[in-house]
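Given below, in the form of structure tokens, are the structures.
What follows is a pair of complexes built around chain A, which joins chain B in one and chain C in the other.
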Partner chain A sequence: MAPKRVVSRSTADSPSAVAAAASSSASTSKPAPVISPSAIAKKQSVVSTNAGFFSSLNGLWSSYLDTTPKNLKLLDSLQLFLMLTGIAQFVYCLTITNYPFNAFLGGFSATVGQFVLTASLRSQVNPANKEVFPTISPERAFADFVFGSLILHFFVYNYLG
Partner chain B sequence: MVNYAYQPPGYSAATSATMSAFLRTIILCLIAAAAMASREFAVVRFESIIHEFDPWFNFRATRVLAKDGFYEFWNWFDPTAWYPLGRVVGGTLYPGLMVTSGLIWKALHTLSIPVDIREVCVQLAPLFSGLTAFATYLFAREVGNGASKEATGLWAALFIGIAPGYISRSVAGSYDNEAIAIFILMSTFYLWLKAVKTGSVAWGGVTALFYFYMVAAWGGYAFITNMLPLHVFVLLCMGRYTSRLYVAYSSFYAIGTLASMQVPFVGFLPLLTSEHMSSLGVFGLLQIVAFVQLVRSHIPAKQFKVLLRAALAVGALLAFGALWFMTKSGKIAPWTGRFYSLWDTGYARIHLPLVSSVSEHQPTAWPSFYFDLQFLVYLFPAGVYICFRELRDEHVFVIIYSVLASYFAGVMVRLMLTLTPVVCVSGAVAISSIFETYLDPVVPEPPTPVGAIVADTPISDAEALSTPSSKKGKKAASSGTSSPTPRKKRSFVPGIFGLDSRVAPLLAFTMMAGLFVLHCTWVTSTAYSSPSVVLASRNQDGSQNIIDDFREAYYWLRQNTKEDAKIMSWWDYGYQIAGFADRTTLVDNNTWNNTHIAMVGKTMSVSEEVAYPILRQHDVDYVLVIFGGLLGFSGDDINKFLWMVRISEGIWPEEVSEQKYFTSRGEYKVDGDATETMKNSLMYKMSYYRFAELYGGGPAQDRVRQQIIPNTPIQLDTLEEAFTSENWIVRIYAVKKEDPLGRDHKSANAFANGKRKKRVKTAGKKKRSSA
Partner chain C sequence: MLLARLAFAAVLAALAVADYLPSSRILVVSDDGLELSRYALFWSSLRERGYDIAFKSSKDAQPPLRDHDTLVFDHLILFAPSSKSFPPELSPQSLYSYVKQGANLLVVLSPDLSEFWRDFAREFDIDFDDRGHLAIDHFTYSPELDDGSHTTLLIPLADAPTPFISPATRAGPPLLYRGTAHAVGRLPLLTNILHAPSTAYSYEANGEDAPTEDLYLSGSTTGLVSALQAKNNARISFVGSLDLFSDAFASAPVSTSAGSASVRSGNTAFIADLTRWTFGESGLLRVEEIRHARTSDGATADLYRVGDELVYDIDVSALQDGSWHPYLADDLQLEFTMLDPHLRLPLTTSSAEPTSSTTASRFSARFHAPDRHGVFTFKVDYRRAGWSFIDEKTVVSITPPRHDQYERFITGALPYYGGAASVSVATIGFVVLWLLQ
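Let's look at the complex of A and B:
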């Protein structure tokens, strides 16, 4: 589930800077003579939630970097890749053509299916989830993953062409 | 020291485990055998024959599969159905059934067992009902509580094995999709419960494979498509999200949906129609919930709240925009009519007379619940109640299933079939918990020694106390010479522990289970084992009389008509004509083209002069009607006639009007009071043509409608009677070709009969003498 975080983080830095700049400019210049106190308060509250939002994101990112084991990060990068591929296909279908619809369907379903299978594997091998999956060892989880992927791609194969 | 109400057999734990496993296997095999045997009534009474209507098509398709191979079957275009349109059979059927029996046939032949494909088809339903018993055993075992798990499974297997609600569609010869569908349904549900419990992709993947099999086998797969997401959704609402749920549903949906689109008849529907949208929606929801859970595990609650709020706002905006876009661009098809008729029982009658005309689409009459389920009907709520007590995930599933299926079974008779398994399972939960309670030999030790009210074991205690306040005090009192010493509070364990009070309910329920077996056997043998192609009646001396008019007439068609002859009949008989007589039909039970059916309905409803051009336009050579008036066979065409009128009125309201077929008092009559429109309709004429002559001037009574048919001879100009079966059930008329002299048939006929004698008297006489 990393991809969203990664994406949001990359956008996160720049707007926060922009917001800070905006807030500073608002506080220093004060060109408008008529600003009611309520408006000021509103603006401040917006700024503070903005700051809270981005600091939360930062906290999330650093916590993710600190606490996630390496193998999970590897899975996360696979998921990110799958998600980007899926989005690219979907955008292509929406904007250009869906002409070989079965081919699009095969490609898109493959990414979605592989994404959820990877997410399943990720949650099964996550040490934090040990008591949620008492019967599933990491080896079993990987075998399940392979089995599920085989079935999935067997059906995807039928959509080629 | 454990007190026992009776001495349990003193085996070691290992021995008793082995013994019970052995017994379980034996019992399951016996149940499967009983399930198969009770479905053989039809074969024993009549013969090994395919039943009813739809099975005939399935059988014909299977024959193509067995004879010509899979590719021929897959690409089969049938020009003899829906003349002149034809039917792309490979793309408009659920191939699961045919492929299953084709594989069995192939396997048997590989083993050098030369069995006919017909025998495989006839015996497929009993075979799969045995497997259903096994699948239900597995399912109910997951649902059962604690120590009575295995017992629950066995009871459920027993119930589903012989419950008439399921037998009604799976007797030998009833070669229809439902025959294998219930087995797949129960297997899919079992695998689903297993997937939810373990959270393993393997179980989820196998669930998806069985779902694929279900989609390939039966249109009722939509039940699973909506049942599983609903289960997930309810669990989410109950705050029971776990990663196991995510794994189970995501792997099932991703693989299952992709797989379901492999079936040509289903195609891309799972992406387009609203019936499938709920599963997609729950899939998306589950992704979001999983992501939110992951985020929450990484940051403190306060920051999480901020993030959640922002995400919710963006998400709501996106969802609204997507919905607006989809509706605007018409990407999501509206609900289909058959689906509407599930929610509004009046819908089909008004908008879809064709759907509503099928008898199995009628709302269920309440006695049929008891008829089909007997004492399970009142065990059912008890079982659902027991599910509420523990309310594990699988219990939630059973509860949702029972609510949905009860509703659907009330709306449509044929959906009784989906209700039966859950009734069997929750009935099994109830009865196994009863037996578990009363058979458990352990008598709990009361907290204080004086509190023991156990009746039969500790006599010494019994004299020390009295139990006037206890409900179960009778036994103690019976032993009691002891004087009642009133106490305000005694600690005792509530429960029923005396042997006699144990035996009473056990006996009662055993007896009811026995009666259930009797009832099931009786219902199966009397109500559900008739092939309906062959009828049976009892002679006065009690011997059986087989009425074989259908086959007689179909074989007449096969042997006496040209190979490319086109037969028109009401759509009910289309598959049978194609299967038995191998002739081209205009409409059949597939009912995909309402207009074409309405055209046949119109031809039957209007007068001869109007009908003849239509008949000629469609190259009809023979018209076949079913007439039960002589024998009292109530499923005949005159009784179905109003549906023909209604369906054709839907297309040609200005030419056909239902009102005109009723008398001024609003009655549907065929006797002297019948309206002119009725009497002139082709159906009336064909049914009663020369009927009165049978009675030689006496009152000609129609035994179905109990009315006297008028004596005036019916004149048919454009048709001539070609064949009438022994008991007059099937009547076949040949359509005359255009008159070679260019006259219309009425005048030609009149000429032939010498009616118009004014100028051509001699010619007419000559004709008659020569004829």
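Let's look at the complex of A and C:
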């Protein structure tokens, strides 16, 4: 929230910034607010910033949908799923029971470990990182991922009890 | 050859018969001048109960009380209050080792008791009053038998303690008593069976002097009959009156309350109860059966697991009034000990569970084995005045669960199992989708 406020003040103060904000929120049909007396300027600026924030989120989402390759989207959905599962188990452990603790360790570390493996696979197959991993082909990265997953699951199921 | 075999069989049969006989040999040691015929009813009542009685004067050379490790006489009645010295067979040391081997003593004293007996009784925390002192009561003497000194006391038996004196005797006529009194100490093994009424005191009975100095014994602290059960269940009774056993007292009429018809005194019944208790015919507790098991499958084992629910049963019967009865009590306790008692539980009777026999009552306790492994002991240590002691120990081991005996899948951990499984499913699904694209 705090950075947004900073932005809103700057928009209220300078007309060029207001124009920039208005142009960025292209989807809104409202005309850009004209500079007004300072009493009403604050209220209007809050409205315009909220709109700007959501519109920027929308922009981020649409650009993610447009520009991200399909295989990275698949990886991202897996990572989201792992994160939610891990959080659910951690909340269960905190609020209800951690007995047997080994089962908690097994279940929770499965999500964490798989998340880490997925993150490494994602960074290695991302075309934007080609210069960072010049020697690792996507096939090699996927094979590493499968090998690491097998080892991880071996330990996880031993821990579960 | 055949003859020899027959003879051998006959000897065996005789031994077997001898085994079934009750402990039945009594040695009576009496003062030199004591007229034993005055107590004929007492001797005949003992003989009727199956005892062999041998009489010896305290001056005579005594037969040995024991022959190496076997008792020659099972019980000893000492009717020798005024004897000052005894042959070595009856020295305090040999009486001690005699009792230690399980023999019973009935020590009958009188106002002219010797220092020997005073010392002997002191070893049992019983302190007899001075020589020549008698228990005197000017309110509860027997008008028929008393010579004016008010020393022939009429003692009601209503509050005599329970395993010693039977209920029938307690409800019966009062007892005639003429003799010395004693102070009863605090030895836990010692029980006062009979004490004088609250109006009594112990003093010289010349009939003229009223006591002028402080009395050693007065009121209900004036002990008349006391008994001690040693830790090996041997029994020693001290009676301060020879006359209590006499035919004259046993057959004397007493008037229980004003106006009622006079009945014979309660002496015969009291003597019968006292000798029964002293010679181990009553007040015995017997453990019929001990059982311990796991409640889950009812199996008895030497090894139990930490946390197992265990049940412990003990069947106890009591010998009272000549036969074995179920013993009824609510104060038995079970200890489950390893060095210290980890658990001390009340043992309760349950009528629902069948006992091993109809003469025993079953006491049981249920508990979970403590969360501690080691060698534990089921221990029932029951000591009550007048009853023979129960000291039963059963050793079992408590072990932790074996590696494969822990609970495997726990419902509380289902989210964790589900979490791990969902990760696997998601990963496999991802791999398939990745390869398909």
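Basically, the second predicted complex is superposed on the first by the 109 of 161 C-alpha atoms of A that agree within 3 Å, B and C clash if a C-alpha of one lies under 4 Å from a C-alpha of the other, contacts with A are read in each partner's own complex, and residues count from 1 in each chain.
What we mean here is this: contacts are C-beta pairs under 8 Å (C-beta built on N, C-alpha and C of every residue); 3 or more make two chains touch, one makes a residue touch a chain.
As the structure is a prediction and not an experimental result, all values here were calculated from the model.
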item: Room on chain A for both chain B and chain C (clash or fit); value: fit
item: Which superposed partner A:124 touches (first chain B, second chain C, both, neither); value: first
item: Contacts of A:85 with chain B and chain C, given as first, second, both or neither; value: second
item: Most chain A residues touched (candidates chain B, chain C); value: B
item: Chain B versus chain C as contact partner of A:111, first or second or both or neither; value: second
item: First (chain B), second (chain C), both or neither touched by A:71; value: second
item: Touched partner set for A:160, first chain B, second chain C, both or neither; value: second
item: Touching partner for A:57 - first (chain B), second (chain C), both, neither; value: first
item: Least Cα gap, in Å, left between chain B and chain C after the two complexes are fitted on chain A; value: 10
item: Set of chain A residues, in rising order, touched by both chain B and chain C; value: 156
item: Partner chain B, residues of chain A touching it in the complex; value: 1, 4-5, 49, 52-53, 55-57, 59-60, 63-64, 67, 101, 105, 109, 112-113, 116-117, 119-121, 123-124, 128-129, 132-133, 135-136, 140-141, 143-145, 147-148, 151-152, 155-156, 158-159
item: Parts of chain B lying in touch with chain A, wherever the complex brings them together; value: 198-202, 204-205, 208-209, 242-244, 246-247, 250-251, 253-255, 257-259, 261-262, 268, 271, 287, 290-291, 294-295, 297-300, 303-304, 306-307, 310
item: Chain C residues within the chain A interface of the complex; value: 408-410, 412-413, 415-420, 422-424, 426-427, 430-431, 433-434, 437
item: Residues on chain A engaged by chain C in the complex (per definition of touch); value: 70-71, 74-75, 78, 81-82, 85-86, 88-89, 92, 96-97, 99-100, 103-104, 106-108, 110-111, 114, 118, 142, 146, 149, 153, 156-157, 160-161
